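Some structures to go through are shown next.
Each of the two complexes below includes subunit A, the first together with subunit B, the second together with subunit C.
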Partner chain A sequence: MYGATETTTETREQSKDTIIEVRNASVTFDMNRGRGRVLDDVDLDVYRGETLGIAGESGSGKSMLASALLDAVEDPGMLTGDVTYYPEDGDPIDILELDNSDLQRLRWEEIAMVFQGAMDSFNPTVPIKAHFVDTLEAHNADVEEGLQRARSIMHDLNLDPERILEVDTYQHELSGGQRQRILIALSLILEPELLVLDEPTGALDLLMQRKILKLLHEIKDDYNLTMLIVSHDLPIISAFADRVGVMYAFELVERGDVEDVLYNPSHPYTRSLLRATPDPQTPLDEITTVDGSAPDPVNIPSGCTFHPRCPVAGDRCEIEEPDMVEVDDETEHVASCFYQEEGKEEIPAPVSKESGDFTFEVDDTWSRHPIEDPILELEDVSVRYKDPPLTERTLPDSILERLDERYDIVEPPVHALTDVSLELGEEDVLVLVGESGSGKSTLGRTAIGLEEPTEGSVKYDGYDVQAVERGEHTGEILFEDVRRAMQIIHQDPSAALNPYRTIRSSLSQPLKRWHSDMDLNDRRARIKQMLESTGIRPAEEYMERYPNELSGGEQQRVSIIRAMLIEPNVILSDEVVSALDVSLRVELMNLLLDMQDTFSTSYLFISHNLTNARYFAGKANGRIAVMYLGQIVETGPIDEVLSDPKHPYTKILKWATLPLDPDSARETIIEESPIVTEKSPDPRNPPSGCSFHEACPKAREACTQTRPKLDSDGNQLHRAACFRDDPDHEYWQSEPLHGEEREIPGE
Partner chain B sequence: MATDESTIDADDSTVGNDDSPFHARAEYDATPGDVVLELLDIWVFTPARILWNDYRGRFGIILLSLYIAMGTVGTIVVPEPGIGQGDTLMQPFQSLEHPLGTDGLGQDMLGLMVHATPNMFRMIIAGAVFGGVLGIAIGLIAGYEGGTLDKVLMTITDSVGSIPGLPLLLILVALIDPSNPYLVGIILNIQGWTGAARGIRSQTLAIRKKEYVEVSEAMGESKSNILFKDALPELLPMIIFGFLGGATGIIHASVGLYFLGILPFDHLNWGVVLNHAYQQSGALYSLDAAHWLLIPAVVITGMTVAFVMLAQAFDQVFNPRVRARHEARKRNREDPELDDDGTVTSEDTTQVGIQ
Partner chain C sequence: MGYVRNRLIQAVVTMYGVIVIGFFTIHAMPGGPREYLQRQLRQNPMQYGLPEDATEQDIQYYLDEFLVVPPDRTIYEAFFEYMINIHQGDFGVSYIYSPGTPVVELIAAAAPWTIFISSIAMVYMLVATILFGSFMAYYEGTKFDMGMTIGMLFNGGIPYYIVAIILLYFVGYQLEWFPTGGRYNTEYQPGYNLDFIGSAFYHAVLPSLSFILTGFGASALSLRAHAIRILGEDYIRAARIRGLSSYKISTRYLARNSLLPMWTSIMIGLSGLLGGAVIMETIFAYQGMGLLMFEATIARDFPLLTANLVLITFMFVLGTILADLTYALIDPRAEQASMG
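And now, the complex of A and B:
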């Protein structure tokens, strides 16, 4: 660890010379509702050789600031102010004055940018290599030499340059992590001085995030880069940046060294934001929400923009705009707040220097017994997907089979779920955690009857759901009651609401279906009350709006209300908070938990990260199930699993979760990934034995032979599908698979 | 438990627990009048207002109203055309008696135009409704149900669609000898539904995978409710466009077939006028008879333009963003307290609101 911090402090002290200087940068948009300001008078210096993090929630203007550095603000946005670039040798360049050809030279040759959304950054009809050639040709660079450079960059980024550049490889043949790395390689091909990264790990899985952050950390020194990293994810900035600027409402509100800002946040917004970030180390009760919502660019509050949401705002904040004030004479830590001291008293510091484990406050009320009367029960459920094009084909199966024998045209089915069993009690919470493709969504959807299991059974209240649907239990239970009892809340709230229906119409739907005795006015009254109780006001007005007139958080609240109005007993909440802003996540998880109290529903809560899982299950005395390649590899009460994971995969996931605390975050970021191969196994041909053995640092010969099962004997709640759990297993006598057995950090 | 309805029961809500939002009830009952007003507002008043606010819509409405007036009041006011009403080939805009002049047989051009309109409308309505309903039904069912039904329906659609149009019409006309304008309309649009069905099916395929449709399914909504409330609104622009496109198609097809003399001259039609002008006067070469050709051409074009304009404007009616803006303006009128734009959050902030 200390290697890293030392070199960064060193470079910072060596070179206070500025590489890019931003003064009074503002971006305005003319909207049909008036003039919108999406960047408001921002001053910023980026020093040569440093990594500067720009943190802020979505819509705070951080991406706009990044675009401003390249004078790449899109029309109709108007950028004003000064952006000056200082080359290593030569005269300063005023970027906003450059003509097009000079600007083109500056971009990519001096300042390069890795845009958000690696998934869509390549032209799908053109091989990857052409993107490199085009870039080189556009800048009149030597193509051969450039490609040579690309190969060595790719090598450093742990990519296979032969495969990507020599053969015509297209983007769909590459994984998200590979695309993101190729994008980084592409941005470095003309040897820029400054690299701007906009949410570089946005859509990636936890382990890939860690890998990319580590690689970025390495190439930064190798290629002598200055980096500006824009992210809403505070732990990434904490681990990666030397300095950080926090943006709120299109302005920088606080700026300084990462340690200073995180340990001694001096703007009330920074403090609230840090407290709203579910960090493994923050006690659950200390995670709070930021009240209110971010301002509209057309309607920015006067004075301090944060005053409507600030707990310590005084009269002065409403009128006067605070300047950046030095927090400490010795450092460059500044914050724009009049009442820094009051803020510190009101909002306790969220990040402590003590690095620690996931913490839980367990009390006597926590249940420690197996579920007696499960409301939902899955027994050995497997789901396989056949190739859709083949099932669509009109050939009879007999012919298909014979063709397959000869030409091998039928691909084996995708094993989405394999032999999964789980139980959900009443008022229970089970969090499903796993990377994309681990089958957590399939499991959830099968559990609530939206997909049919290929094998095994799903029982609701003791009745087999499919049998009920076939009408085998007529007279005992109706299928429509089973259907009603299990509902879903989706990840993307804007897609979950019909854009052609007003909020009232969407919310009337469950009432019309299940409360035919209610008339128009009854429905209106209930919807109004529900909206008000979840903080959507004025409800009367919101009822008549269309979904596009609501913010993401409001839309998600409406989705939750709609699910609740159906009055289900089980709700599948599929990544409900991951599309939302950091400060909203805790608020919505709290809303779900409150609803559980009112309603006595059970939740299947899908999450791809452990911090949200810990918060949600930790608050509700719930359990967790960790999934890998269609199987549950470990399950148990959340506190036991997270404080004492048994399965190597759970341990690795836990390792991959970055803490907020900059010291420990930096320590972990340079650690070697314990995972043996980043290649995930093919779900069409899952490996024999334990499906994790190819990547597992602890795998031994025994793991390739038989598949470990989640042992279900007795009353043990915390179970792992791993031979290491059994001290007498033959595993311990067999040879390690991948040479020397590796340690998982933090084990 | 699903069957434990203690929290749901209507009677329950009056006992205790009145604070809970899950038990809220209105203080008074909705009258049938409320419901009717509400429905009228959603389906009639608001769309009409949005159409009228769009210049294309306004133009289309006015133009179409002229044609409707022509087809209804016009037929009463303007006398039926007959041979020898006036001198032959009188020029237009010369006399009040024959404002559009006369043709080579001395028939009043205005009369010829006006009295052809009702049948034109009959053909359009029959043809467009036939094509529209069949296309929507087949497209929706095939797209939503999928599987074998989809394959069967689409095979039929493609087979019908691949029959060459003109020969089919010739044969049908010869077989059926259509004199009923409604029947003519249907025959003219006999293949019109195939395109609509294909298009609607592909849209439905995309819609049925949407999350809100899944929510409706999970809620236990009936299939017809899902089709009509979730799928149809999104398809409406397409349907209306298909409907109005079908209308222009029928206009052109009927004029064309009458012009070619394939359809019997039992009825007045603008195409018949064109045919006579072409066949009998050499209107193509003589300025004297030019109006005989130009007037029906202008009348036909006008009607087509009216439909095209309307179709474009209807896009606005179904666009939720436009509707939202419209509603916001309406709210403003009711509540002048709000600022000029009514809403504080609108599309721009929504886009930045989620990541």
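And now, the complex of A and C:
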């Protein structure tokens, strides 16, 4: 705690030394629809030695600002304004006036960048090593010396430099976390002063995110770096940055020290955004949504760009563009709003200084009894795949053919699910949480009958789904009724909707299929009413649009409506909100919950994120199931599991969830990861005993022998598949596996 | 190595399939070698050394003497005998084209010439594909790109034989820059001497050029599309900002990745040209496999025709296999998969 505070004070003392100065930076480009503006007159100073966070939703211009620092805005974007770089010794450099060779030298030698999407930042047909060598050669640096430096950076990043720098190591042989760290190493190869990081933990799992943030934190001091980190994820910025700039509609709307901005947000947008961020500590009822949607680059509102969505906007905001105003005289905290005080009264402060645990408002209405009459019941379900894992399915067909061959002959099957049992009642909510590869999607798809279990049974309303499909219950229940009763909503709405059909046409299909008695006008009326009830207005106009004319949030709403029109009893919602912006997530989860009241459906809600899980299940008085390597390791009512987790893995996931509060976030970011090894076990050869024992800080000899089961005596709702749950188990007498038992912070 | 094994089995099955279908369809063609020769003799007996007013008896006598007519048997018997023979490397003897000469000898004499002009054409087509495709991608959306796209559509749309006839007329007959037919100047002694080799290349110019001028449009357009997609990839942008030279980016980053999806079609391109050689060699009176096949078809010279078909299929299957097996060399992701 003290350590963290001291670093910030130090930074503040040296903070007057500017390393890069941005003035009136604008990026414009011409589109068919007119001139677009994706960065609008931004001023920014980055101070030497600090970490500056740029927060904003997708399409707010934050990545554009990051590219502008290297004069790397892609065509047809036109960057205007001034970007001045101040070297430690020497004259200031006007970056936008540099000729090509000087610009080439400045990039990477002075300012380097870690791009978004580690998956695509390496040339797939060139070895990793060549990326380092090519970069060194391009800058006329000594290759041997440079590679030596690369080895030591990789070592600091917990990578194995010898393996990675072998001639035949390519990107596809490395995991996402490794690629991201290699990208960081590659960015530091020429010892830059300033490192720009664009969503450095974007596509990674929770635990890997934490690991990379911690490494970045260490590397910053070791290599004497100034960092600019761009992220939509506010807790990351809160944990990592000294100062923060908040972007909305291609402008900076607020800027200041992280504590000042988070504890005393002064722009209504910042306040709304913070309130819409599902944070572990914010009471559920205080999480609200930001109404409306972000503006189009071609059609930016006049005056204050936020005024159409702002609860305190006055006439003045529509005409006059607000300047940055100091929030108080002592700090450098500024916000561009005329009505700061009014905004503070209207929108209460979202982040309190009291750090706390996941909180729930529990009342007597919460059900605390086992499900009596399950509508969906899975019993000891296992799924084995012979095919390559889904992640490799994104490769071109020609390669897949070879993979099929290979997996058919050489590889044992993937244990995607092992002995999973669960029950879902009527109007029930069960959230499945786990990292990628934990089997949560497989479980969901098997539960609703999209995949066939290798072993075990899936029962809908008491009937075995496979048996119904084989026609064994003809006369009692039809397979198509089962099919209709269980629906799915996908993660990516743009891929789930046919791009060549209008919204009306897409939504008519389920009605035609299942309500043959409805005529054209009936269907129209029904679709219109559904669109309006989900806030898509004017519905008449939206009905004739194509999916690409809708925003991401609107598309997702349409796919929710499409599932609902079938009036299913069970809906699998597969990461439905994770691709959406922070301000939309809560809105969509609310929509799903409202729909539950109207249509009395049950939800299987898949999420990799505990805060969304907490919000969704917490609002609906639901349960959670935590998954690891194809098994449910802990399940129970959401409040009990999150406030008092029993399984070490749940505890670690909870630890890995960053709070929004900067003080506690900074404290946790420097904590050592409790996990023993980052290597996840091979799902083709799962470890004996408890599958988590290789990584578990609490593992003992007993864990390698037998697999702990979720005991199912029925009366206990909160159950964990861990021997530690049983005070009399032989576990307590056996020897710890990984030396001294480690504490899980927050335990 | 299950992949390689399965791939070879597939290839063998394809070969047999083509031989069976080829054998029966060729024998199902109306008319036969005897009818063909009979007609020829009646029309122009002097060409065959018979008197101008040759009697029907003379003609029959000549036919019996001249033709190597297979004994009367059902087509199934003929098929089994043929299958047994080809496994011993015996594709039979020519009936008419050069009666009695083993088919293998005829093909061995003609094939190198066809492969010679096809290979030249293929190499230049590939170069043109890469050059035009990547330049168009690089200048995507400009007037250059639009103009070239139209040009490439013309290039891919005009049949090669039209260009061949135009070239033959203007460059061959009018300007007399290049010979209008033949494989080499018969004054030179075939062998390893400069005169002969130079003459062979000189004669190959027009046939090859006709292929080249019409052959790269479609593939250049498809390369352009791949390259535009690759240009949008993050790793290209990242490489540019890391300061890599445009030469390195365009070769190691852009060209290589854009060619990946086209690899198979490039590798089987040669056998595609062999098919086109039938008309091309007829136009230029170029004594290669194409002309051989054309004459064999006209004369219903069944063994020669079947053997030609087998050879072209073999080239095609070989190209596909080579493409698949060498894919790993240019795409490391496949190597891990197929060798793993």
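Note that the second predicted complex is superposed on the first by the 721 of 747 C-alpha atoms of A that agree within 3 Å, B and C clash if a C-alpha of one lies under 4 Å from a C-alpha of the other, contacts with A are read in each partner's own complex, and residues count from 1 in each chain.
One rule holds in what follows: contacts are C-beta pairs under 8 Å (C-beta built on N, C-alpha and C of every residue); 3 or more make two chains touch, one makes a residue touch a chain.
Keep in mind it's a predicted model, so treat the numbers as computed, not measured.
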Subunit B versus subunit C as contact partner of A:E532, first or second or both or neither: first
Subunit B versus subunit C as contact partner of A:D461, first or second or both or neither: first
Touched partner set for A:L450, first subunit B, second subunit C, both or neither: first
Contacts of A:H515 with subunit B and subunit C, given as first, second, both or neither: first
Partner chain in contact with A:N498 - subunit B first, subunit C second, else both or neither: first
Partner with the higher number of touched subunit A residues, subunit C or subunit B: B
Complex contact set, residues of subunit C against subunit A: 2-3, 6, 233-235, 237-239, 241-245, 248, 252-253, 256-257, 260-261, 264, 327, 330-334, 336-338, 340
Subunit A residues within the subunit B interface of the complex: 29, 31-34, 36, 58-59, 232, 296-299, 375, 394, 448, 450, 461, 477, 480-488, 490, 492-502, 506, 509-510, 513-515, 517-522, 524-526, 528-530, 532-533, 541, 544-555, 559, 562-564, 566-569, 579-581, 598-599
Parts of subunit B lying in touch with subunit A, wherever the complex brings them together: 1-3, 7-8, 10, 20-30, 34-35, 38, 151, 210-212, 214-221, 229-230, 233-234, 318, 320-321, 323-324, 327-328, 331, 341, 343-350, 352-355
Contacting residues of subunit A [partner subunit C, same complex]: 70, 72, 74, 104-105, 107-108, 113, 115-117, 120-127, 130-131, 134-135, 138-139, 168, 170, 172-173, 186, 395-396, 398-399, 402-403, 405-406, 408-410
